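What follows is a pair of complexes built around subunit A, which joins subunit B in one and subunit C in the other.
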Partner chain A sequence: MKTLANLPAPRIAGPAQAGFLKFGVPRMRSPLLYVFLIVPVGYLIALVGFPVGYNLLMSVQEVNLGNIVTLARPFVGLDNYRAVLADPSFQKVFVNSLLFVGVNVIAQIGIGLAVALFFARGFPGAQLLRGLLLAAWMLPALVVGALWKWIFATEYGLANAALSKLGLIGAPIHWLSDPAVALTSVTIANIWFGMPFSMILIAAALMSIPKELYEAASLDGAGSFARFRYITLPGLQATLFAVACLVTIYTMRAFDLIFAMTQGGPLDASNVLPLLSYQFSFQQFKFDIGSAIGSFSFVIVFVVALIYVRTLKKEAIA
Partner chain B sequence: MWKRFSVALATASIFAAGAALAQTKTVTLWHVFNLETDMIYGGIEAFNASQKEYRIEPRLVPATQIVTELIKATATGSVPDLATLDNPVVASFSGQGTLTDLTDLVAKSQVVRPDIYFQGPWASAQWKGRTFGVPRDANTLALYYNADMFRAKGLDPDKPPKTWSELRAAAEKLRDPAKNVYGFGFCAMQAEEGVFQFLPFLTQAGGSIDKLDQPEATAALEFLSAMVKDGLASKDVINQRQYEVINTFMAGNTAMALGGPWELPRMEKEAKFDWRLTLLPVKDDKKVAASALGGYVFVAPKGAKQVEGAFRFIEFMSNPKILNEGWKSGRLAPRTDVKVDNPLWPQAYGIYLEQMKSAKARGPHPQWPDISKAMQTAMQEAITNAKPAQQAMQEAARKIQPILAKTPL
Partner chain C sequence: MTAASLGFAPVRRDYIYTVIGVAGVALYLFPIYWMFASSLKNSAEIFANPPTLIPANPTLDAFRHVFQRENVLRYLRNSVTIAGPVTLLTLALGAMGGYAMSRLRTRIVDVAVMIVLLLQVFPEALLATPMFIIFRTLDILNTFGAVILATTSKTLAFALIVLRPLFRQVPIELEEASRVDGCNAWQTFWRIVLPLMRTPLIVVGALAFVQAYGQFVYALTLMSEQELQPATVGIYSFVGAEYADWHRVMAFSSVFVLPVIAVFLLMQRKIVSGLTAGALK
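So, the complex of A and B:
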């Protein structure tokens, strides 16, 4: 509370500050400020703090169907974490998660940037098409998963039909049933699913770069690559970083899409941490192990979220 | 804040309505049956009309979510009075003390009499001599086949395969890579469904879940993984749910497929060819008829407030007159005294009734999910060629045996 109240509030509440001063209300210690702070902080404690705390509690207890209803459960210390770390499926899934998130971040930003630049050229129908792309992002993940499962079916799927028509593959690819390919397949699907979101954020940032800069650069003889390198990229830097953080957080939570496509199989080849946590909790009824896995995801997401908040602050100051 | 306020408002209005109706008590029911023709819809209506003491308030929960929802409800202490659970998970709930013991109510009941039920379904709801549920319906697996394809490949559709070697031979003939047609389809996915489809083969081979390290168990897994390796079944079976396997059958991409009676309503609507059904082929040298048992069980979660009312509804739904209706959506009765007159799909009805006789319950065991998971892993390892069937099975046995040593089947 104290540290929050001591934040340089005026920077955040720029326009409001002017109003406050006009009516002669003290800048920092307004009681109203505390009231406004209590609401969001209380909200955070109730809806974020409690679940996280409860998850941590469960991860150091023995929790099964029989005692899930009470809080007084046997305390087992770090046993669940030890069990999780020793579990070969966890090690595999942990690496999967890092790969899945890493590739998603790079691809969603790369493709999102390319598509945003493409639509920024402003040809007829550009706005409509850009809007249509976003429609894909608004579909429920389970529907998208079912769609991609169908596209990736070995015999009658669209992907193999298209690739073999183009002469790119000789034998059909077992997109979802080959352990060596399954993670790639769900990654492709998730990139398709998440890319429009990155694209829209980047497109918005593109519009805020002053047109005069480009005109001036052109007059100075800068080619399109130089304009991209010295105007567009620096202008987008903060946004790209923020998008990277957001995509990391969203991808860390990816669950429904993979559940619908492969249920994490074959042999956990396409499994990720949240899905593994779900499987332990709700299929094996080992809520303690599920919670311990949840804690691992939480730490990763929390660190990224901290970085994200710091960038936002820098951006606001700059 | 607002939510809590509106909840309070809703609660208040329910109390008001309750006061007006005086005695009618609401029995909440969670079920998974989304087919409008399912007997539960007519049953709820008839039950509500038949008496004034209780009123069933149903909520449809998708089958994939009901366990999750029930766990959440248990954890927060706001359980429904009645729910339908897939039979292998009943023991997990009852064995860990999260269901209401119905033994005394059953003892007094005129309708729910244990001796009338098929052994498998009844056993699935028992734990340590106590009754924690009443079977609602039962199902099992049989072999669907495409009679048109049989004719086209010179096979006699009146003589479907009866043994493993005949099944394999037929699959070889029916297979047509140029047309994307596989001979055989089954579900081997990393989920309970995969185990459900594997168990008949395990039992036919003379194996059992507590002896996966024996050669019989290996033989069963080898038979199925060879079907995939030799291209008689698609590699995608590793990732296809049961209904997706039947999708490929109905689309003409699979000539023979394992499937349950619940597929019959859509099979009739969508399959545009002469489809038929036959008993599961048996292993040549053993001739053991076997299948796995599926179906749903009525349970009252612990903490249910209207157990009496819930049980009244269970009795109502267990009446042979209601159970007769089950077959219209491909549900078999769990009791022996129900005979469906003029059944839809008479040929299929005969086959499934016959197959029911050898249908074995999964478990009952409170740690069935762990046992099942070990099996799933072994199946996936053998079918994807990650490990030889024998090694995969031995590793599964090493995981399962300590569980069974603590709590035997």
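So, the complex of A and C:
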């Protein structure tokens, strides 16, 4: 079976002597390549794989400030998981995370697709303008959080000023301190932050759809909707799926932005799983509970990652 | 399909799209303008209601404050002290791994690629606790080294994924020729392959730098010493502590993001192609 890794490498057609060289020199199999492979992969296993495993271990132990350094800690089986599942804040935050991720995926793909389609018209400056949008995505997440906290300030913030100027709201909205609104506010900020990345990926896939298909369809009398429905969407299907996986993975990671804007508050209204895990570990020093919450996120992220990797492989074969 | 290729009012129609595009992008990036504009306001104007879109009396007072009182320079120095080594480590390990993955044709590479793809997805906030414990056992908490090691684990996975397909584009015939000329495997890599990969390596290095420069979670958890903390932690404590000083928070943020914006503007095109290569191939 062809996989990502053993697809033939793209070759530049070699001069006549390349054939001769193939006889003279054995294919590259130097031991150095194995060293080159093992060092970085070993690094990742040591600094990501091991911590993930360690986290799973802690989630079935009793871990507090007293025994945090020793490995000899009492095993408690699934007690931590039971405690987590029974915790009302976990249930609320779990639902929040699903909403946060779900809305982000839908919005980033929907808006990203619309924006990518607009710039695909190829008018003067389209490429440059499309690239400029990525400036938002390049900013440190913490700065984006601080910036949106200022924009969403109740009294002097830009959002309330603009909306009341437009006559859309009578009284100022408490974007970050009203439990009914806080999750929406951090979601808006995160969509702003992440959309350009989704858009760029979708735009790249759009460019790979053969132009001839559209021309042929136009000649056959297909309107713009029909062309979108029968050429664009099927052509983008695999990419949209991969982008959905990536947005899920990145959004599950959103910590800095929410931490800067609301710290998950008020009353966990805008809290998500990684932040809740952090709060249990580093604010309440219940490392075991924090680890158990972490395991839930690990499972979610890991399953999505497996789906993503499978999608990539199919893409590579196609 | 462009309007032009269908033969309808080509030129004028295209420029209308350009105008809409410029307006849309300007509106989208308005929050970034707002950060800079707010940083130029004085303490009275920042609380004007409705807010002034262009600072009426632009002043550098907020910048003066963050440089003199908030130690923005120390924070920036710490950020760069973390991001610099992360970039170098990422490039060194990423180039090695990307090269090996593009040249070896065994099952091991499949497994390695799979491991890298899967290990890049775990949220930092969840790895922070085990890392805290591991680094505490090693007794390297409160060192730049701890944050550098932790942050590189994130940037390295990305680098490997982007660089692997790009290394494949280096023609193997060039390497074979250099071997015939008597270079050993290391010399071939160092003298022939790496120079050809200069542009992708610069792009990956820039992205790694930007990511490490904006790193927050590991610095927050692995460093309690304020003297060593990077600017992200500085902004965070500033935002948390002084709600009212928004022009100063925005001045701090502006100084902090200027290098990021500069890197972005210099390399925008290349970054765009690097990202699409990395995520979807």
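Convention: the second predicted complex is superposed on the first by the 271 of 318 C-alpha atoms of A that agree within 3 Å, B and C clash if a C-alpha of one lies under 4 Å from a C-alpha of the other, contacts with A are read in each partner's own complex, and residues count from 1 in each chain.
Methods note: a contact is a pair of C-beta atoms (placed from the backbone, for glycine too) under 8 Å apart; a residue touches a chain by one contact, two chains touch by 3 or more.
Computed from a predicted model, the values in this text were never measured in an experiment.
In the superposed pair of complexes, A:P124 makes contact with subunit C only, with no contact to subunit B. In the superposition on chain A, contact of A:I307 is made with neither subunit B nor subunit C. Once the two structures are superposed, subunit B and subunit C can be ranked by residues of subunit A touched, with C on top.
Judged by the touch definition given at the top, the superposed model places A:V103 against neither subunit B nor subunit C.
When the shared chain is aligned, subunit C comes close enough to touch A:L47, but subunit B does not. Of the two partner chains, neither subunit B nor subunit C is touched by A:L163.
With both structures placed on the common chain, the touch criterion links A:A153 to subunit B and to subunit C.
Of the two partner chains placed around the shared chain by superposition, neither subunit B nor subunit C is touched by A:V181. Shared-chain residue A:F282: touches subunit B and subunit C both.
By the document's definition of touching, both partners, subunit B and subunit C, reach A:I68.
Across the superposed pair, subunit B and subunit C both touch subunit A at residues 68-69, 149, 153, 155-156, 281-282.
Those residues of subunit C that touch subunit A in the complex are listed here as 1-3, 5-6, 14-15, 17-18, 20-22, 24-25, 28-29, 31-32, 34-35, 38, 46-51, 93-94, 96-97, 99-105, 108-110, 112-134, 136-137, 149-150, 152-153, 156-157, 160, 168-169, 171-173, 175-177, 179-180, 185-186, 189, 210, 213-214, 216-217, 221, 232, 235-236, 239, 246, 249-250, 253, 256-257, 260-261, 263-264, 268-269, 271-272, 275-276, 279-281.
Contact residues on subunit A toward subunit C in their complex (touch as defined above): 3-6, 9-12, 14-15, 18, 21-22, 24-25, 28-37, 39-41, 43-45, 47-52, 54-55, 58, 68-69, 115, 118-119, 121-126, 128-129, 131-136, 138-143, 145-151, 153, 155-156, 158, 161, 164-165, 192, 197, 200-201, 204-205, 211, 214-215, 218, 227, 239, 242, 246, 249, 252-253, 255-256, 259-260, 274-275, 277-278, 281-282, 287, 290-291, 294, 297-298, 301-302, 304-306, 308-309, 312, 315-316.
The part of subunit A that touches subunit B in the complex is made up of residues 64-66, 68-69, 149, 153-156, 174, 176-179, 262-267, 281-285.
Taken together, the subunit B residues at the contact with subunit A in this complex read 67-68, 71, 74-75, 77, 92-93, 96-98, 180, 182, 189-191, 234-239, 248, 251, 253, 303, 369-370, 373, 377, 380-381, 383-384, 386.
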